[in-house]
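Chain lettering (A, B, C and D) follows the sequence in which the chains are written, and residue indices restart at 1 in each chain.
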C-alpha cells in the first residue's frame, strides 16, 4: 500500500480522494488544503487526517502526493514535493507561465522522482481504444486529425480571469491528445478565436469559441475546435484519417434508448460534463500512477508532456493575437 | 450494516460476493458451499468465514442470505432461511417445478420475511430507464412489445439437461421483463421452438431457437425471440410500441469507436455475455435489496414474480409441444 | 416498345401510368376505368386513350395489361386478359377468395401468358440488397426472420369492410417477403390480433394490431408484426439471423440530418407512407415486367406467389379466430 | 419550352444533357464540342444537332446555354453567350484567374442576362434541408461551421496540372457552401496543405490534404478539411454549431442494411463519387435554372458567387504559401 497525501479539497480533490479511498493499491493518509474546513470534511469522509503542506512533505511515510489544489500553487507544491522525494501527480497545468513550468520540470528531474500530469483523457477507455487502434494500424498511416471539445456552459468571470485563457485552460487537453494521437510533435500552430456569446470572456480579454490548426514536421495536419457552450451537453469527439480509412469516436450517451415519435427519432443528450463523462478516466489514471510507483516506472503523461501542451497553448494564444502561424517553442 | 451470508461459491456467487464486500450497506459474514474448497477460496478473498447451511441459518446475527447455489437447492434453502427469519435473495428459478415453487412462496409468506428473486435485468440502467419512460408516457398507451435475447453460444449438454429447457432457463428472464413492461399479466402463450444448430439441445429434447407470443386480457401483444447462438456477441434488445410512438433499447457496446474502411463502416461487436453486459445490474439489484431491508420494505422482484415467470415458461413449453396456445395458470 | 393498357385510374393506377409514360420500353395506349372521367383525366395526362375493358382486350396491338383497379375486379380482368393472350401484371390480391384465385392462376397457365403480381417490395433497392446478401451467405444459414410493418394510420371503415381484413390486405406483403427471404415454404402459422385503437377495425370485425409466427418444414422461424398506426411514419423493417450473424434493414429517412439540442439528438421521422417509401420499387417492378416480356421470360412474382401469400393470410385469419396453429393449405 | 444548347460533351456534359432531354421545361437543340465525334455521339443520344459555338450563339431560337466544356473555355463562352443575349449556366470556375473572372461577370452584367454557376451542392436535398433548417433557427445563431470533403482517390497528374490546385479545383465547392451557410462573407482565410500520399500533387506543386480556417467580420468561424483520398468512398459532411445546438449532415449510403458478425456491426461504404452522390443535385440545379428563366428571375448561384468562391480559393492558396492569414479581396 502506497501512503498518499492529497493537496486540494475541492471538486477534483474529492474525485481523487474517492479513488484513493477505494483503491487496493494506496491509502489516503492526509488531505491538505488552505481552507482547513474543506480539508477536514473531505479527510473525515475518507478517514484521512489533515495537515499543512510542510507537515505532509516532511512525513517520511508519505510516498506520493496528488496535487489538485488551485493552479497557482501547482509549481510550488511540485517542487517542494520533488525535493522531499515524493512521487508527484499534478493536475494540469504545471504553471501558466512556461518558464516556471520548465523550471519545475527541471527540479523534478534533478530530484529523480516521477511526475505525472493529470491529462486524464488519455485514460478514457474510448480514447485509449482509439489510440490503441491507431497504433495497431486500423487506418494505416495517420494524415489528418480532428478534435472537437465543447463545454456545456461557460465558467464564471472569476474563473476565466485566472484561467490563462481558453487555450491554456480548456484546449490544453486537446493539445495533449493531439500530440498523443499524432505521434509527432506539432511544429507550428494557427488559431482563430471569437467572443460570440459570453460577455465574461470578452471582459477577461478571452475568447469563447476557437479553432486551431496544427502542423507537424512531416506534414500531418490537425484541426481542433473548442466552444465554451453546447446546449446539448458535453461534446468530446475525435476523428482521424489515414491511408486506409477513418476512425471516429462519437460521444457516449447515458442510455441506449431511442424514441420515435411525431417529432422524429430521438436519442439521449450527451453526458452532462467532465466529472460524469470522464469518471472512469479519473479513476484509471490514478490507479495507473499507483501501479507505476509499485512497478518502479510511472508511465502517466509526464512533466515534459505538461510543458509541451502548455507551449502549444502559448503558441495558439500568440497566433490568435498576431494573426500569424506561430512556431512551437522547444520545451 | 446488514450481516449477510452467501450460499454458492460459483460464478454468480463470486459476483454477489464482490458486491457485498464493496457495499457500505452490508457485511459478508459467511460463504457456504457444498464444495468446501470453493467456499473457502471465495470467503478468503472477501474476508468471510465458511460454514454449513445449518450453521449459517442458526446464527442469529445473520439478517439476510443470498442464494446463488445450484438450482436444485434453491427451494430448500429459501424455505429453511425463511423459517429461520432471514431476508432472502435467491437467483432464478425458485424451483423448476411450479408446485414446489408455489409451496416455497407460501412458506416465505407465512414466515413474513422478504423474498427477492434475482431478475437482475430490471436493474440494468438502460432497461430501468426504458421502464421509467414507458411509465412517464413517452409512447402513450403500450400496445406491442418485442424482446430479443440471444446468447453468444450454447451451454454444454450437461447444463442443458438440468436447466429445465430454454423456456425455463433462458426465456424466463424475458417473461419477467415482459410482465414488468406490459403492466398487465399475460393470459395466453404461444411458442414455436426449433433445433437448428445445437446437437446438445436436440439430445436433451430441448430447442436452441424459439419465438413466443404473449397476449394480455386487454389485448396487448408481446413477441419474444431467443437463440442460444449469436456470433456477434450477447444480443439483448427491447422495442415497445404505443399510441404515441416507439421506444427501443439497442445493445450497449464496448466503445463508441467507428471505423470506415474499404469494407464499410464498422462499429464494435456487442458485449461478450451477461457477466459483462449486466455487471451493473448485478450490483444494483443487491444494493437495492439491502436498501429495502434497511428501509423496512424490499421492492425487488418477489417470489410471486418468480412463480409467474415460471408459469409463463411452463405454458410456453407446453405450447411448443402441443402446437396450441396455452392459457397461463394462476400462481 | 410494348403497347400497354392500364386498368384503374386511381392512386396506384396513376403511379403505374407515370412509370409507363416515362419508360423507354413501353407505350401507354389505353387507360380503362368504370369511372369514365377518371380514366379520361389520367389518360389525357399521359397521352393515352380511354376504352372499355372489352375494347382494350380485343385490340390486338395491346401486348400487356396492368391491372390496378379495385380488388373485386382483379380475377375477372386477369382471366379475360389471359384468354385474350395478353401478358398480365396485377396488383395484389388476385382475389380475396383463395378458390377463385386458384382458378384464375389455372386459367392463366392454360393460356400460356405471364402473370406478374404486384408484390413491389421485392423490388425495393434496400430489400433487394437484403435478399442478395442473404443469398450470398452474408449471415450463413438463415434461422430466424423478423418483419415489422406499420402503417402511419388506419384506413377508413369503408375500406376495411372490403379489404379482406388486416392479414389479407396488409400482412400479405409480409407473407410474400417471408416466403422470399426464408427460401422455404412455411408449413404452419400462428396469429394473435387485437383491436387496440381503431373503432373501425372493431366495427368491421377486423384487428388493428397483429403478431404472427411462421414455421417451415426444416424449422426456420419467422415473426411478423403489423399495426395500422405508427405516429412516427411508415415503419418497414427486416431482421434476419443466421449461423454467421444478423442482417437488418432499418428505415430509410428523408434526410441524413441530425440535430442535437437540449431535447437530445434528433433525426428525421420515417417516410410518410408507401407511395413515397416504395416509389422506386413501383417503377422498378414494372420495368422488370417489361424487360421480362421483351426477353421472353417474366421473372416478377407469379400467380403462384400471389396464391401462396393469400393462403398464408387465410391461415393467419383462421388461427387468429381459433387460437390454434393452422397448417398452410397447398396452393 | 426553353431552347437550350450544351457546350461540352464530356462527363458532366452527358449528365446535363440527360437532364435537359428528360426535362418538361427545356429542349436540347444543340450539343457543341471541339471534338466533333463526342458532340455527335452525345447529340445523337438526345436527339440534338451539333454545331460550332458561333453557329449556336447566332441562332436566335436558342434562349439558354449550358457550359460544361473545359475550364479554359468558360470565360470566352460566358462572354460570347452574354453578348448574344443568352441566359448562361456555367460549371465552376468562371476562370482560374480572378481578374478575368471579374471581367466576365462585368460583361454579363452589362449584357443584362442571367449567369448561373454550377455550385450543384446547394441543390443536394440534404444540404438544402440543412440550409433551410439553419434559416428556420433550428440551432439559433450560427457560430461555428465545419465542412469535410474527401474524394475517393486523386485525379491524374495531367488534370492536377491544369486544375488551379486543390483550393481552386476542389475546395472551391466548400468555399461556396461556407459562404452560403455562414450567411456572412469571410474576411480572412488561413490554410495548411500537405503532400502526404500523392506524388502527382507533389510534382504539380499542389497539395493532397488541406485544412482551412475562415473568419467572418462578426467572428463566425469555419473549418474546412479536404483530402484527395478516402478509401471508404466519397465523404461529404457538414456540421454547424449555434446558440441552440448542433446540426450535422452525415453521408447518405447506398442501402440501410446493417450486418452484425464476428467482426462487428458493418454498414455500407459511402457512395462512390460525385456523379452518384450528387445525381439529384445536378438535375435539380438545372431545373431550377429553367424555372428561373421561365419565371423571369434566375435564383441559382450567381457570377458574383462564382467570383467570391474563387477569391477565397486564391486567399487560401496564398495563405498556404506564405504561412499567414490572408485578407479576402473584394470581388
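The rule we apply is simple: contacts are C-beta pairs under 8 Å (C-beta built on N, C-alpha and C of every residue); 3 or more make two chains touch, one makes a residue touch a chain.
None of these values were measured; they are calculated from a predicted model.
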| item | value |
| --- | --- |
| Between B-C and A-B, the pair joined by more C-beta contacts | B-C |
| Distance between chain centroids, defined by C-alpha means - chain A, chain C (Å) | 59 |
| Centre distance in Å when chain B and chain C are each reduced to the mean of their C-alpha atoms | 42 |
| Interface hub residues of chain A, defined as touching at least two other chains | 230-232, 235, 244-246, 260-262 |
| Chain contact graph, described as a line, ring, star, complete graph or other shape | complete |
| Complex contacts: residues of chain B adjacent to chain C | 141, 143-144, 146, 150, 188, 190, 192, 194-197, 209-211, 213, 215, 219-223, 225, 227, 229-232, 235, 241, 243-246, 323-325 |
| Chain C contact footprint on chain A (complex, rising order) | 230-233, 235, 253, 260-270 |
| Chain B to chain A touching residues, read off their complex | 125-126, 129-130, 133, 138-139, 244-252, 254-262 |
